[in-house]
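In the two complexes below, chain A is the common chain; its partner is chain B in one and chain C in the other.
After this line comes the complex of A and B, so read on.
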């Protein structure tokens, strides 16, 4: 398709190809030229050979000397008055080769999002002959395509002298006291004795009675020996934690049990799984991606509730909420028991998280899109207890508008996630408790993390744009240099995900997007600000494989996103995505970061490390 | 002569309201329906009796004997007479001419649309060959009414005889010139005429008045002359009948056919259908639609085409490339169904825009392609084996630049018509869009 003058400018260095027949004597303008976005497809189908083609900036304004048909690359022999272009661009070229972009989000089947993006880059420096050549690469611009100029430019820009004087400032802190649990038993009362947790017998009845829609609730204590147990779909994985005294979530002291997690599972009366796009029912050991931020660790004991709710309420908001609330009756009693532990010798570890502001550093914000379409696509924000229910407000009821929280509130359980859709890509409650991007950004001394903005993803498009415009205004008011936008799930929510990025990008703020995309989650929309994208996929085939938390944001994604945002804020160019999803792009980027930081980055395992389930065998692998 | 069915809506705007009832006697030129909003008067086209008044039409049983005389319209100003005569744009658009001419062009242009761009149609050019004076007088009346200083005939260079007649007739007309058009489709699109003659590219939402111009079809101008000189109401139509007819595929031109005559009657008049056929099209190959033989003609009917049978695609997957220049998506789907294809993908030319949801598509730059490779990629990805396109000459050429190499077999929606009338198919463009103009337009 022909392009506009604006697009021609963006693609000034791309080859010039006639979109349609043009007659001799015509002065070439943007409307005569084909959109470079489709060249890959055309070259693939042998429709186009770009050898010898001039660039768009060279041909605009030149006169065609011969009538040429559509899809003719414009070469010097058919043009008069070719525009001279500054030479340096050409001289730089040999220094850099083959920019390999980050896992692209463009679906191979439907290239609806030509701008749908991704980034990264391979730097190859070839030196044919030479002595005493030192090559230094500053950290944080590992994705630049224009590497040749970087060492000269970025170093002085990155460290203006005046700013270096400013001291980091600790705003607040939160401490976690860890209590080790090695055994969970049922008993006459809920209590912690040494490393044994007792859960009161008969508590199930009270849990059921607390919720009208809950018809039954069963507690299973799953020890590592019992991991090969069938389970209904896993609705949530939660840490068991409580605040000390009057402390609020995000400050003071939190007590947390190690070695044990709460797991909510369930169906409705008819046995329908409480899930939407896929569900994770099956043998636990075949359906849990161990060690993901939101998933259990291998070796942990699960206090697993199997909740049955009223038939047909599995897809209505009150149903899943009732299952979570009933489970929380049990968790709350454990929290009370944990609060009353007086023996400090049971504390096996104490961690302190500090919220540090770093004036003078690049100021960044994390925007986390959470589901808010209703049904199980809801999240409880800021309960009184970590990952509790009481005191929290569902983001759907808040109209999904952005809510600002501190990084420590995130890590202290301010989100109780009523997640279900797409088990592999959804963020469980435990995910926030260990959110890797928040942790990385908080600890990175090169950036100043000012906060975490949660925004719900409404069902209706008009509402999506309503909330994304608020995100834009808030981020503008924050005066940040850069922003991350993360999302969970895929499909519908990508509409507002793209819009958040647009709203931030159009304000001249660098923005990196993070989502599961790969093959199945390929972006359905795109815009010109979606140039810096990190794909959270880990699955072998790039799909939603229904393995719990498989494709969620991990440490390896967080460091890539941070490196990319730093590159963007330093105005380094990030290479375009490849046409089709290519997992090697991620591998290359990780390797580059690893080399630059001189640190080994261990990549997490994927579903291939798990025993093969019947479902996976039939549906996916 | 069979019954006449005179439709109450023969123009842009609201349907007219009948002012006669069953049993009334009518004469040629009797006013039988009047506008309820934007519209134009409708007259009986024959002597006879009103047999029925239905929701959308008036049925008239004509007398055996028909005189030439008609009931004249009232005398008045030239504009009033054009309005009273119910003249509408007879090239097919049907916009009430009296309303159009009401504009003050402040020394602008009357542009004569003599492109007759739909292949197969012949009546406009024939009228110029036989009686261009009547049309020229119409131009002058319109210039006077709407305060235009210049008139320009836009006609394809290939129509040598008509051009020669016009040059002869216009040699002493200082204010009227000729602009020659290349033989590509679409040159007769209103905004294309403005661009070719005046060099102004109008937006899809703009009317020619934005360029101080009014565009009128050849026949419309002749009807203006008749209204003013003969006080003749507009109740007849010139048209071309062509296609798979007994006696061959040459065009049959009929002048002054009574409005309301059935398509079937005209086909019989032209010799009748020769054996099995594909469909009957009312209008041109590009913008016409399929009709049944009992459908009546209106003030805007330009062509009746009987086509050969459709090829059978045996249920193959087909992509439709919908464009402002050709049939609507509905028409394209109709053709695909008749070819026994399964619609697997629908794309729209990038330049085809809907000014309002549901409004007919308009081309942003008629006759100048915006590129089509992306649509072909879509068709390929959607698994199409064939594509049916409704594009103009230039866009069809672009489609051919990539579709065959991608393994897509191309049909143009006009193929069955072109094969019927032995006209080259719309595929590659082999003529230039540039033509040399006459010295000073004379």
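After this line comes the complex of A and C, so read on.
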């Protein structure tokens, strides 16, 4: 199919190929050329060979000297009057993302060639024909001072809003008091004595009685020596935390137990896993990616409930919710015990999180898409206690519409995740408690994080677009410069994920998308605004590897996304994605960022670090 | 995969709808598929009897070995089901 003059301009540097037969003597124009978007497939299947092909900008206006068939690449020997094009500058490093360096990082600029236009806060330096480098970097978009380093011949720019530096403002803060637990025992009452947590004998019956659908509940206390035991599929991992006094989630003081987590597991009466499909049942130590934000740390004690719910309810909404609610009866009693601890000497550490607004900096928002298709694809929003059940609203009942929360509410357990399928990519309750992107954006002094917008992912497309339009309107009203859109897992949630990005992007706001994609989670739809993407994959082969939390958003992804959003807001070009998933793109970018920021970014391990039977190894990787 | 690029258009009928998944009978008695909701793209409200279509290829073995992890999980699952069944029968 021929292309328009506009498309030809966009693809000026792409190879020129005839879209249909053209007679000798014809003057080549856009209408004679094929759309370069389809070339990859043709080259792959050997239908097209682009060797020696001229670029579109070279051939437009040239005359064909020989009659050629369709899909003939235009080379110098069939054309007359080829357009001379300025010697192409040395290509930029094929980076998916170019990080925003600190202002003083400006390299020596002596050999600056004729033009070095400064626009929109971006300094472009072209080094003529040299075989060295072509540097393009955002000039610390908020420090007008950085411009001083620009060489004299550069046209002075209207210094980007060099207003008086506005002071950062602390809006609210949350303190976390950590209590260390080294042993969990059963006893006559639930209490904390020193570093020992006692859980009342017989509490199981009350937990069962609290939920009609729950038929039995067993508590296992798993110590590190017992990691190699069989477990039903892990539905959730939760921190045990409570608010002090009248404090609400997101403000005041939170008490949290260190060294112990609650783990929800279960089946229905027929032994069918709750949360079928790619379950993580099996030996705990082979199925948990330790240390992921949502997963347990190695060395922690698990208070693991094994809930049995009424047969056939494992795939209906009330089933998984009942399993979570029954478990919360136990957690709630531990919270009460934690509340009543009076001995302050048991506090081993106090952390304070401040929500800082940074007026004058680039304003950004995090849009987190959470599952809302029903059953275990649901999340309880804003419980009274951190990661509790009471007082929370299921996001499905809220109609999946966007809900704005503060970054501190996220870190203080405002999401109780029922978590979906795909153990490797699901974000469990603990994930939000340690959400790396929120932490990273909150602490970054170059951006002004205004809030976190949770939006559910409904099942039906019409509803998906309904909610994503609301996201667009809300983000527009926020007047932000940039936005992150994250999602967990893959499937039809990628439809609204793409739509959120479109709704934000079409309003002229820079947007970075984050999802597990790689091989198995390849995006099902796309649009022209999906240019800045970060893949959360960690697995060796790019698949859902059934290892809990392996492919979830980690610190390293947050760093990449933040660097990318900064680059996007500074109107940096981002290299096009490769046709197929290539893990090297991530490696290159991480290297670039750590070089520019002069700090080592430690990458997390993947499933290869776990004990694994030889056979599984052969099959998967 | 040896035959991965042999993609075939398949059709089926939705025979079960749950909050979290749907069951699909492949037309021509070619099998049954149970998929989580999020792997189904729905332009209309779901109703039993709706026809669905998708592309798939033949299913190939990846190798001759059985994966012990899955064998052991399957054993546990079957043993558990029997235990639960006998517990129910006792009631």
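Just so it is clear, the second predicted complex is superposed on the first by the 482 of 621 C-alpha atoms of A that agree within 3 Å, B and C clash if a C-alpha of one lies under 4 Å from a C-alpha of the other, contacts with A are read in each partner's own complex, and residues count from 1 in each chain.
Basically, a contact is a pair of C-beta atoms (placed from the backbone, for glycine too) under 8 Å apart; a residue touches a chain by one contact, two chains touch by 3 or more.
Just so it is clear, the model here is predicted, and its values are computed rather than measured.
Within the superposed three-chain model, A:377 lies in touch with chain C and out of touch with chain B [touch as defined at top]. By the touch criterion defined above, A:80 reaches neither chain B nor chain C. Of the two partner chains placed by superposition, only chain B is touched by A:21; chain C is not. Applying the stated contact rule after C-alpha superposition, one finds that A:267 touches chain C and leaves chain B untouched.
Judged by the touch definition given at the top, the superposed model places A:286 against chain C, while chain B stays out of reach.
Counting residues of chain A touched by each partner, chain B versus chain C, the larger count belongs to C.
Within the superposed three-chain model, A:397 lies out of touch with both chain B and chain C [touch as defined at top]. Contacts of A:230 after superposition: chain C is touched, whereas chain B is not reached.
Touch criterion met: A:42 reaches chain B, while chain C stays clear of it. No residue of chain A touches both chain B in one complex and chain C in the other.
Chain contact summary for the complex, chain A toward chain C: residues 230, 267, 269-271, 275-277, 281-283, 286, 314-317, 320, 371, 373-377, 420-421, 457, 459-462, 489-493, 495, 524, 613, 615-616, 618-619. By the touch criterion given at the top, residues 18-21, 34-46, 62-63, 65-69, 72-73, 76-77, 80-81, 83-84, 88 of chain C touch chain A in their complex.
Residues of chain A touching chain B in their complex: 1-2, 19-21, 23, 25, 31, 34-35, 38, 41-42, 45-47, 67, 69-71, 109-111. Chain contact summary for the complex, chain B toward chain A: residues 350, 365, 368-374, 377, 380-381, 394-395, 397-398, 401-402, 405-406, 429, 432-434.
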